[in-house]
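Both of the next two complexes hold chain A, though its partner changes from chain B to chain C.
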Partner chain A sequence: MVFLTLSCWIRSRGPDRYWKVQEVLKHARHFRGRKNRCYSLAVRAVRRAFVYATKARKLKKRNMRTLWISRIAAATREHGMKYPALMHNLTKTSVQLNRRVICDLAVTEPRSFLSLAKLARARQQEGFRAALGDGKEPAGVFSRVVLLQ
Partner chain B sequence: MTSRGTPSRFLQSVLQNGVGRYVSQLKRICIVFSRKAQSSLGVREFIEEGVVDYAKKNPATVVYVSPQSCRIPKIVAEYLNGNVREEIITSKTAPQISDLLTKLTNQSGLDVIRIRKPFHTDNPSIQGQWHPFTNRPPCIGPIRPQKQEAE
Partner chain C sequence: MSSFSRSAQQWATFARSWFLIDAKMQPPGKIATMCSVRLQGKHKPIYHALSDCGDHVVVINTKHIAFSGNKWEQKVYSSHTGYPGGFKQVTAAQLHLKDPKHLTIVKLAVYGMLPKNLHRRTMMQRLHIFPDDELPDDIRANLTEELPQPREIPRKLSEYTQEEIDAFPRLWTPPEDYKMK
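Moving on to the complex of A and B:
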């Protein structure tokens, strides 16, 4: 008599479970609690983390822009102007600096930022004179649009 | 791949390389290939023609050529800061391998991970970084919040 059924009950499972599990856990090592150790909890946490990372790429751009704008607004208020006035007058004088650069100037080069604020204020005053005056005075220096050939 | 879960570094050069003399950061190159296999055909061609010229053009890099019986031909590049990079060159043509070698030569040995900013300065501020007293007039007496008329 030969007993064959016993050997049929032995199953060989996949050999790679350890590495497949480690692939997921390596992204969860810096999490808090059991999510960084236990696979079933880690799978869900890692998937959420990746989803948040994908969504955050658009949000980062928005957040950085609002940060720059609030910093520029704070810096202009130190000089007695407001943010919308500054940006509008800078674009009217064809100063094509974006908010990131103006924010960096406000932080690291305060005197250059002061000169930008003065330029914007001068253009603003010229705009007021052109609007409220009678049109007999010539347009101011900063209102001339320079066409670069 | 989250930004906090994966390593990242700031842009830097190795010891301000290039400000004075430029030193190639590649220490040695080991070309591991097989004598007979079909995958090392391009490597063998490159070794017949291009390796000597490459070694003469880069005198600071040591080139080791090691024919072994291996299934996958590789280039193992070691850099001056200790990093080792292995590139697999199965079924690549000789010009592709020489392009790969120029790429490895031009690299510094720093890790190929996310660079946080594409710029770096040692002196970010020329006029002095802003602090709360930059735009305030100096005053004798206790410092009070500024009134609007004073501005």
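Moving on to the complex of A and C:
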């Protein structure tokens, strides 16, 4: 016998089991059913939740972009234009605002958004005049693109 | 407007408005797209699917709806009762005539154009369809805006004055022995 006294028979197996379990359960506290209390069920649910969270980081970017686009489309239709016309004409006038910024302007700064819509409409009219006209008319004010080198 | 308190501004932004659409001599599909856009709230820059930002839409004169082409005879509305041999097919004309309130065609069109989720039923509850010009007083009191009609109604020949008919340019002269109907 190796352990000759009673006190030597007492083992300390993993003194921090409570905290290891809490580390997992704290991520499961808002779940439904026994998954929020029982460790074996919670471990599986928490692993699934983390996998979904990882996959959703890419989806969030896509969803946010579609939301911005639908909001910008709604705002442009209020001003009598359509979203593709607005974006195309803004890129042609080298306005490099992304959809996130234009959406925020549409929501919080309506007059700035109106000025962007008017700019896009002016550029659109210049494009129509250039396409339908003879080519002898000079290019409009907004059609001149400045190339910075 | 920026002098109002934040809560008042929020109340004004998210308030639900009531739109009026006159469906006289209009194609029900075009009416339905306008309705579905406003029921979802997609006409607002503050749109979000979860924020319940849809508005109320009132459609009047649905008795005088006008399908283009031969759709009154060719468009078929199918349903199945669930029992064997219960497959029913009705043409649009039959459905419209059988309907005492003349709301099925517009209702089905809008129902099909809304997103297929649990919000659809609440959005349909916010759609109000009336076959005639008569509206209940409480709905009439709520209306805020009338939307322009999607289709320009062409004038009938009887609505043109004789001077306009005479002033119209002659497109071709018929030969001597041509028999007009």
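Rule of thumb we're sticking to: the second predicted complex is superposed on the first by the 131 of 149 C-alpha atoms of A that agree within 3 Å, B and C clash if a C-alpha of one lies under 4 Å from a C-alpha of the other, contacts with A are read in each partner's own complex, and residues count from 1 in each chain.
Definition applied: contacts are C-beta pairs under 8 Å (C-beta built on N, C-alpha and C of every residue); 3 or more make two chains touch, one makes a residue touch a chain.
These numbers were taken from a predicted model, which means no experiment stands behind them.
When the two structures are aligned on the shared chain, A:30 is found in touch with chain B, with no touch to chain C.
Once the two complexes are overlaid on the shared chain, A:49 sits against chain B while remaining clear of chain C. Between chain B and chain C, B contacts the larger number of chain A residues.
Residue contacts after overlaying the shared chain place A:109 against chain B, while chain C stays out of touching range.
Judged by the touch definition given at the top, the superposed model places A:80 against chain B, while chain C stays out of reach. Using the contact criterion defined above for the overlaid structures, shared-chain residue A:67 touches chain C, although it does not reach chain B. The intersection of chain A residues touching chain B with those touching chain C, taken from the two complexes, comprises 75, 78, 106-107. Those residues of chain C whose C-beta lies close enough to touch chain A in the complex are 42-48. Taken in their complex, chain B has these residues touching chain A: 1-5, 124-130, 134-135, 151. Residue ranges on chain A touching chain B, taken from their complex, read 27-30, 49-50, 52-53, 75, 78-80, 106-112, 114. Note for the complex: chain A touches chain C at residues 67, 70-72, 74-75, 77-78, 103, 106-107.
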